[in-house]
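First comes the structure, then the notes that go with it.
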Amino acid sequence: EAAAGLEGVCSMLRLPLQASPEGLDAAFVGVPLDSGTSHRPGARFGPCRIREESVLLRAVNPSTGALPFQSLKVADLGNMNINLYNLQDSCRLIREMFQHIVTAGCIPLTLGGDHTITYPILQAVAKKHGPVGLVHVGAHTNTADKALGETVHHRVPFRRSVDEGLLDCKRVVQIGIRGSSMTLDPYRYSRSQGFRVVLAEDCWMKSLIPLMAEVRQQMGGKPLYISFSIDALDPAYAPGTGTPEIAGLTPSQALEIIRGCQGLNVVGCDLVEVSPPYDLSGNTALLAANLLFEMLCALPKVTTV
Amino acid sequence: EAAAGLEGVCSMLRLPLQASPEGLDAAFVGVPLDSGTSHRPGARFGPCRIREESVLLRAVNPSTGALPFQSLKVADLGNMNINLYNLQDSCRLIREMFQHIVTAGCIPLTLGGDHTITYPILQAVAKKHGPVGLVHVGAHTNTADKALGETVHHRVPFRRSVDEGLLDCKRVVQIGIRGSSMTLDPYRYSRSQGFRVVLAEDCWMKSLIPLMAEVRQQMGGKPLYISFSIDALDPAYAPGTGTPEIAGLTPSQALEIIRGCQGLNVVGCDLVEVSPPYDLSGNTALLAANLLFEMLCALPKVTTV
Amino acid sequence: EAAAGLEGVCSMLRLPLQASPEGLDAAFVGVPLDSGTSHRPGARFGPCRIREESVLLRAVNPSTGALPFQSLKVADLGNMNINLYNLQDSCRLIREMFQHIVTAGCIPLTLGGDHTITYPILQAVAKKHGPVGLVHVGAHTNTADKALGETVHHRVPFRRSVDEGLLDCKRVVQIGIRGSSMTLDPYRYSRSQGFRVVLAEDCWMKSLIPLMAEVRQQMGGKPLYISFSIDALDPAYAPGTGTPEIAGLTPSQALEIIRGCQGLNVVGCDLVEVSPPYDLSGNTALLAANLLFEMLCALPKVTTV
Amino acid sequence: EAAAGLEGVCSMLRLPLQASPEGLDAAFVGVPLDSGTSHRPGARFGPCRIREESVLLRAVNPSTGALPFQSLKVADLGNMNINLYNLQDSCRLIREMFQHIVTAGCIPLTLGGDHTITYPILQAVAKKHGPVGLVHVGAHTNTADKALGETVHHRVPFRRSVDEGLLDCKRVVQIGIRGSSMTLDPYRYSRSQGFRVVLAEDCWMKSLIPLMAEVRQQMGGKPLYISFSIDALDPAYAPGTGTPEIAGLTPSQALEIIRGCQGLNVVGCDLVEVSPPYDLSGNTALLAANLLFEMLCALPKVTTV
Amino acid sequence: EAAAGLEGVCSMLRLPLQASPEGLDAAFVGVPLDSGTSHRPGARFGPCRIREESVLLRAVNPSTGALPFQSLKVADLGNMNINLYNLQDSCRLIREMFQHIVTAGCIPLTLGGDHTITYPILQAVAKKHGPVGLVHVGAHTNTADKALGETVHHRVPFRRSVDEGLLDCKRVVQIGIRGSSMTLDPYRYSRSQGFRVVLAEDCWMKSLIPLMAEVRQQMGGKPLYISFSIDALDPAYAPGTGTPEIAGLTPSQALEIIRGCQGLNVVGCDLVEVSPPYDLSGNTALLAANLLFEMLCALPKVTTV
Amino acid sequence: EAAAGLEGVCSMLRLPLQASPEGLDAAFVGVPLDSGTSHRPGARFGPCRIREESVLLRAVNPSTGALPFQSLKVADLGNMNINLYNLQDSCRLIREMFQHIVTAGCIPLTLGGDHTITYPILQAVAKKHGPVGLVHVGAHTNTADKALGETVHHRVPFRRSVDEGLLDCKRVVQIGIRGSSMTLDPYRYSRSQGFRVVLAEDCWMKSLIPLMAEVRQQMGGKPLYISFSIDALDPAYAPGTGTPEIAGLTPSQALEIIRGCQGLNVVGCDLVEVSPPYDLSGNTALLAANLLFEMLCALPKVTTV
């Protein structure tokens, strides 16, 4: 019993560090990549600072009754090695790592890194589970096409995923979308694929519990991935991010979204776009750590009381 | 087509820089004055940092359908030259500059600077348009009288404007007012002039769409000026300001106010009181850049789809 | 008459400094202790920075009509001396100091300091008034038992207070509680004592005026203490605190709580857990200064107009 | 006996606060003016933060053997009231306040504030002592003439002082001067008046003990004023200042200069240009507090062991 | 004549902005690339912040007598467009841009960006001038070979330059080198090419004027490029950089190096590795602006008095 | 082979984590205690941030030729568990932990934590090695006696160590001492015990190589402990510390001291007083990581080339 939570080395939620996903039900893994960022970089340090702030968290979630560590074997796999100088090669490395994780029957909970990483993660996830449903929370649809001929960066992961058939497009919802755009109808692509696009302004000053009831129905019992960009939240709550957009969601809405996924067939999760150099208080990382803990608590086999 | 938004030199919204307002429908102009500030200075650097953060913005406003650059010729006039050591002389320089701008038929969108600057701007605007309506968003009424014998500083612009007949007092609304005061009834002056004073506490947890419907009616088709102090917002959203007051408006309410002015006869706008030394993340400046973009989108002749 | 508020030395609300509580109706006093903090330290500098930011405040509260300085004789007693190296001894020093204050018939308004200090303050208060009612606003119940054998630190003040019969347990309410926990039912202790525990999630997006009507009824006319931890608020509003928890209260809710205590028999107040090293903008301290001013305005004998 | 130095209210060096200079040998006084600043403002908060950091200092100077509080009666007069909106009027207020101080036979040690304030202080000092010698340490000569017609601001105090005969020009030395300039020979004015100008580059990597031996000779036994701008130091040591210049002095050189004045007839001192918003660690203010303590230790009547 | 330096839009040294290098003797140009950075990113914002801080500088260099704007036609070409997501493609874009600049007979003074950019710049420079001499100031030799198969990033520019024959290896000096390494003799590559490697520890507490006399001799009258990484300086002076190394050079040594190049045949210069997110005070950018001004003053055709 | 150094979890110098000291020649261990701090707290987070910044370091020390990982088996033991609320009990826990380490024949390299921890570490070290020599680098002698009756805190470790006979007083040197004091002769205690006290002012602008030659002679071949407080350095280099003192040592002097210990019989080392909340750039932690690496390189059995 410790008087305070500073013992050990900073692992996620003070979990044991483990080199291999074998034998785990779920694992946290860091992907320290930010070379896909269009504006403020720094998300490469996201995993490290999220772990650091996660020591404030305790094992029980009294709000949902979840006891994640009683039901699941969970560890922290550390940060994977990426190639900061080559986005395409990093995507290959990420895909391979996550294939290894999902093949072992382990659900990955990823500490980003910028949103680019969701594309190769979905490649690995879909290889195992087939096209998956998606709860994407963020300010941007990330369905841009090429920029300067580049097909991989943080504005395109869901376009690439559609191109490769990784998503079950009728079970895709994007929540928190907002901001100025380069085209007249920036949501056309998403909607033409069948995605549900929930604008931030349709969330303002509202509980999202009714929305999540609809989302749960939409998702059914089939495999589902949660991709949560911290820029979904208003910059007041999450200043440490790469492309902040004003008038975003609140932490209570974020909790309503994640808790609303409880009971679904979640096969993977990520929390991306935390940029520590812009997070002087550490509170963006703390928020991210909390949201990752809530995702863990929402996983299929977690006991609740 | 750029992969990211870092090319060029920081102009507002990456607009062309231009020395003269001739031929423009609207122009951004910086007034780097903060010697009228009573508490935390730094607003002199507001224009520079607002421009810097404005590079994140794109040309289309999908929320309102506005395409400002298709309908208006807009440029950035840079920062005007002021006299930091002499408030009275700065007011003269500002008045002269803005007379030049409005005489050219150009609508000024001003990057402050502290709230003092609205007084000489209104002198220039009223000289052309006669007494104008006013949508003033901010924490303070700024209707104080003299302090130590000084008649010009950031607490007095609307008192001076009334003194000189620059305002159509029946068409003045002040939104977001709050905070402790030196007198028993700090709103008496405003109300006795006929201003509508909307306290922050009457805005808490409410959509301001109904309020703006009333304001639109009040303003009618006559000339109107928008003066937006960033201190209207809660310090959580806008820490970088000179005299922060707790329990303020939210960014979604700010957007409702500005978007609620669409269709009105707006003849000028300012965004004041951004103090970069207190805005370590840059997010106050980013918020200000967004609000200025929204004001541009709300100008009379802007096409919407 | 000053042009701005920088004259003098930083005392709370620019009040006179006084060495003794004799003759005062109420007094601000700083307790610069943070050695009871489990995570981020720094609250030892809370009193100094709260005073510094309090210079922005003015004498009248137009929202409640309170004129505190017309009705009460108030001063700033400065910071008391504590023993940073020994929590038990610090508790003794605090208890003795507050016995001196309350014996003089002076209502203490305390600038913390971490939450440990509320325990010896309640010892002093209950010695004079008997078991008191409590409005405790904060993220944590602070009813833990020992850690590493230590019986005094910032997680335990209300457990110790119950142990010693300092609280009238049927008149205790804890508002804003949230966060992960070490046990299945972290609120069981509080509830088994008869405390009312109001979770943060039961406050989300709601006015707390109805709650406070109930609280006023519960408290009746008997003596009452207000203990306000700044961590009750969401970290967006109060980043500068020791154990931040996401999804907290808003400043408008904080004002509703304190203003809701007007008319009650408040015999003491504290504002704790402000940690300046994590408050780079100073706005957590500014918020704390405002809340302390509001507590002063809510004291029994304050005139309102 | 305190365990740490946090008791009381932040006065300079924990000295007693006093409203009047009567009966004092020396007094610290804050002049919270920064409206004479050409670039980064914030020096208005200099006095407050210097006091705050000064609590780390103790009563004895073991390096010089000075026991300032055994020999002198010293107090902190707090901040004087200035007129932030009017430099000319502020100068009047400062002149009057310092006439009051020096008339009382009290040596002023001033916490600035920007360098403008040295001009009215010298008016007061010279009124009592006649033209004084000057040890001016800083990056800039501050002998500019008018800017936009303004005759008073932080670039001109020594020009104005020469204009009014306040300086004994043969006993003026300016140390640490550097930086780009608007004219071919920026030191011509100073040198033509008879000032000794010691460039920073003539100080690089040198002890200044030999220089100070010459200065002591130059000053003789006649009255002398020390004006120390924190921008004399390299920005690495003093980031929190208004117009930083690279390649400046070191703290050890600063100490050599001040300690080198021991034994001279010092009749007043100031430490100016500390801008807390740019001093995030507080270490510029801490440096300033140390230098002011050293100036106190160098005053004529201080006992040394 | 301005009272202070805030007018206009932030261009380097307030120079005119120009789209083309035609007709210029020298030009500042920003290369906002940081995807070659191995550790802390952010150098993409270097050019913007260096310009912002450069407004403090004035036209004359009294230390060297240089009057750069009397002798040379200089402008700011703004930031060039790069491809953040593809280092190889960015190198192509940079090479093409600089070929355009040097072909126009204009000497480029580059605002980086990370050190990767020096490689394509040298390609352009050597295409015009043949293999050039090099004064490289920095903490790292940047002569690594591949990492993960990547041949272009900020650790390799001088290896790539040797590979392609861009350098006159007998006229290459690297000053300020230090830090731990991956191999036994990290300087072997440089020395085996004929470079002179001057370790930081051979510079400690020394004037570098004698060194520069030797360097001038070594360089002779043939074309020379100056590449200055801000990490040459100790992190105390330049905290805002990507891979800080302790125990570096001082600003006075940096000035001695650049001023020591006066009279040489300098055909291009860069200042790289300024990372604004780690430069909270802005003083790293200010230092960089000063060093770029000094490089301008050291160009061949600059008049001195 | 990694493109950059972000893989894995932050362990010191990317070393393997290990629970036990058995089989190790040397080990890094964190002691996250700061409740002995008299002024700015935060050193509890020192170990975590030092590890984080240590990833920039590489395996070879080209300045000394040391190849520490070729000769020694080294690991990171993580942070030990301490009792933040009870200094005496923390000292017991530290003493027990270090007895375990030294008993295993493992040399501890400690990441502090405040200077209090050196006392129980020396208890453990002296229990094995007998009274040890001491190279203590820091601003303060830390030989105070009690404060408020407390015998254990960060100002007293060497007094307590003398009291208990842990030091071989003729082989104790304290380097970098400075600052104001409470008594006339603050060095008397040290000197009366036979310590050598080297004041910072005797180090100004000097190489410390000659001093270290004398120290090496003084130490001879007998066991020696190195205790390095980061406050030895000037706050420009190490702003993140608890009780900063101006005019301190430079990093090059710090390296000269540690490298000067090569060849001695070093049986343990610590680096204390790094306070991350005051180290916004992370560069104090980076400096500490470098100094710890240098201490490792100076251990007795390290191979050099």
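Letters are used for the chains, namely A, B, C, D, E and F, taken in the order the chains are written, and counting of residues starts over at 1 for each.
To be clear about the criterion, contacts are C-beta pairs under 8 Å (C-beta built on N, C-alpha and C of every residue); 3 or more make two chains touch, one makes a residue touch a chain.
Keep in mind it's a predicted model, so treat the numbers as computed, not measured.
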item	value
Touching chain D and also chain F, the following chains	C, E
Taking each chain's C-alpha mean as its centre, the one farthest from chain A	D
Chain at maximum distance from chain F, centres defined as averaged CA atoms	B
For chain A paired with chain F, centre-to-centre distance based on mean C-alpha positions, whole Å	41
Intercentroid distance (Cα basis), chain F paired with chain E, Å	37
Overlap residues in chain E, where contacts from two or more other chains coincide	2-4, 38, 44, 83-86, 147-148, 150, 153, 205, 234, 236, 278, 280
Contact graph of the chains (line, ring, star, complete, other)	other
Pairwise chain contacts under the document criterion	A-B, A-C, A-E, A-F, B-C, B-D, B-E, C-D, C-F, D-E, D-F, E-F
Complex contacts: residues of chain A adjacent to chain E	34-38, 40-42, 44, 83-87, 89, 147-150, 152-153, 277-278
List of chain B residues in touch with chain E within their complex	2-4, 6-11, 17, 30, 32, 44-45, 48, 51-52, 76, 78-86, 280
Residues of chain C defined as touching chain B within the complex	1-5, 56-63, 67, 205-207, 234, 236-237, 250-252, 254-255, 280-283, 286-287, 290, 293, 305
Parts of chain C lying in touch with chain A, wherever the complex brings them together	38-39, 147-148, 150, 153, 178-187, 199, 201, 204-205, 234-236, 239-240, 243-244, 246-247, 278, 280
